[in-house]
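Both complexes shown next keep chain A, but they swap its partner, so chain B is in the first and chain C is in the second.
Presenting the complex of A and B:
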């Protein structure tokens, strides 16, 4: 079993009209045993910047802690929040630093850039950025996620419609993957508010 | 005076609470050629005297190289930025003659008063820091951050063993998301944001002149004229495009040094 499939995860970020949604599953497992059903994979750095980390859970937590550290120092020094594009460059640089002993994580970054334009990107475990205009996925269920998102995605969705779309794509994909699931955790972010919702799906 | 007993070691405070070496460094700055900067509503101008010590100095080596870099509407993509910047480095190191105003990033320029060689070292370090920032964040460094890091370097040299402070004060002019900015950095490592400032030989007269002439809503062209007039105040001899240097940055966020022909045009307008 690959190291990326040790804990199991599923992540989606999708772009809507002046908003974005980022969603994850809630299972934390150790190979085939489920350890937790409320594991947090998506972290908020500031009101307009979220990041989800899939892959090995210990690396995800450590990477998150390092990034929070860097981001807090940046906020203190520059007296402003980090832009999502800047943050993505920072994550990419941090991951490449460990090129020959990498973090076994695949991050998904989603945020609102300056003119309230949604920004999403993902990268591989050594920092190769992939910017997308519609959606990005990561995790053990990623193949199903790609198919599901491609099928249901429409450009310029309103927040409520986006929520429905992402929920459907996430739940149907994790149902096909034994290592991820146990519900969903989804954030829909607009310039004015952040809506956090827990989904109940097949609890297995 | 009692202080002189404590001037042998940089790292020792004198009884009056001063670090005497820094005072001496400021004196070195104060005897350097005058330079000044003015922040306008839509840009910043920095200027300096460039008096050659004798007529035997080869004037062609003191040419301004701005004409090599004046790109008109260059697309500002990431890759081009890097190429542009690296080419800048190469050219500047190769062609460095005696240009007093230097570019640190495409949108930040700097001028000094004091010791030229110390200035070269600081410019080199600042450029490296700016480029490191860009490598990490893929964003141009904000002016405040670059000034802070340069000031930190200067402070290091006031608290380490076996080194002396830099004998220069810098005027850093830049234009970023926060608008036009002008900072002065002293040998001690302290930095201040100025609307208009002067340093070097004629500093008190120049500052008085600037205080009288400065208005908050000045445009960039007015600022250039004011800068020229201020330099003229304390200038010994005939002022011309060949013995002063002017650098400007406008709302296009591109710092450039004016050619001597352009300076002569401004001088004609001022007459």
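Presenting the complex of A and C:
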């Protein structure tokens, strides 16, 4: 198994009508052994910007800590929050700095940009940005996730319907993956509120 | 490579086959040396070709009332789950069970082959084969294919004239008699639960619950085990399937979700 599959992870971000949802699984494992079932993969940078990190857990945590540092500096200097597009460029640059000794992570960035337009993007481990209009996925179950999202996605979903759709796609995909699952964690973000929910899934 | 047709040969030795060199003994099978310079490593290549993963959890134990056999039902190919509903407890005959761990095709074929051999033994000798005999037949077959990449980690459990019997047989040629075994990638977790809860004088329900719990805990911790926990009991009248519970539901039965107190209030975000 490759280094990206050492810990196991699954991430989805999906766009709705003036809202977005970002969801992850909750397993932390060491190859086949499960160590924790409450591992946090999605981090909030500010109320309109979330990032999930899949791949090697130690690199995910280090990368998150470095980005929080850069973002807080930005907030102090600019006296405002970072826009999601700017943040995506920052992450991409930070990853390419390590081009010949990369972080073994794949970030998924989701946020609300100007005029409350939802923004999602994903990157590979050396910073190649992929902007999508509908959904992005990452992790060991990514092939299953692509299939599931493609099947259930509809444009302009309301927050409640978006929550149902993303939950279904995530749970059914991780049920086909040995290395991810053991529950789900989903944030549905609109311009006025952030709803965080834990999903009850198969614990095997 | 010659296929193993020993079941079709008659038991009487052939006439006139004597070796001048070995006085008094029938000619012993000679060791053919492999045509290679790397004696220690050449077998590894053959085994790696088929890449046995043994992603599974199976267990069996003997207790006062008989033998309890349990297994999960997940088949995995690397990280991908190919099936959640594989039958890993194979019914060799009405009073003997075999468990499957390792290559599915290998286990299914050789268990069926063993069932054929056991039936032939019954017809030739007018009595059922013992668990000792059946496990020896399988172990000898697997030993003759040693190094060719078969992947079989099986337990033969049954009830014969001497009472309950349990043997562990694997494709390396090992055969062990014992009272408690667990095989597969989830076996360390199953052993933990099994060893701490085991008593010889368990009742059938208690033993079934112990087996079910051990499989459940293994499916929770091991990524390559999951699906349905099947539990079989082998008694004086043969085997009987006791239960097949989905481990997803077992988790919430053993650890029901309590509504937790709210730690963080949802914050109203000011509109942009």
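Worth pointing out:
Everything below uses one rule, namely that the second predicted complex is superposed on the first by the 204 of 204 C-alpha atoms of A that agree within 3 Å, B and C clash if a C-alpha of one lies under 4 Å from a C-alpha of the other, contacts with A are read in each partner's own complex, and residues count from 1 in each chain.
Just so we're on the same page, contacts are C-beta pairs under 8 Å (C-beta built on N, C-alpha and C of every residue); 3 or more make two chains touch, one makes a residue touch a chain.
Just so it is clear, the model here is predicted, and its values are computed rather than measured.
On the superposed chain A, the two partners chain B and chain C both fit, without a clash. Of the two partner chains, neither chain B nor chain C is touched by A:161. Of the two partner chains, chain C is the only one touched by A:29; chain B is not. In the superposed model, A:86 makes contact with chain B only, not with chain C. Contact with chain C, but none with chain B, is seen for A:204 once the two complexes are overlaid on the shared chain.
Once the two complexes are overlaid on the shared chain, A:97 sits clear of chain B and of chain C alike.
When the two structures are aligned on the shared chain, A:78 is found in touch with chain B, with no touch to chain C.
Judged by the number of chain A residues each one touches, C leads among chain B and chain C.
In the superposition on chain A, A:1 makes contact with chain C only, not with chain B. Once the two complexes are overlaid on the shared chain, A:150 sits clear of chain B and of chain C alike. Of the two partner chains placed by the overlay, neither chain B nor chain C lies in contact with A:130.
Taking every C-alpha of chain B against every C-alpha of chain C after the fit on chain A, the minimum distance is 15 Å.
Of all residues in chain B, only 135-139, 142, 144-145, 148 touch chain A in the complex they form. Chain C meets chain A in the complex at residues 55, 72, 74, 76, 78-81, 84, 185, 219-227, 247-248, 251-252, 257, 266-269, 271-272.
Considering their complex, residues 77-78, 83, 85-86, 89-90, 93 of chain A touch chain B.
Remark: chain A residues 1, 5, 8, 29, 31-34, 47-48, 112, 115-116, 140, 175-179, 191-196, 200-204 touch chain C in the complex.
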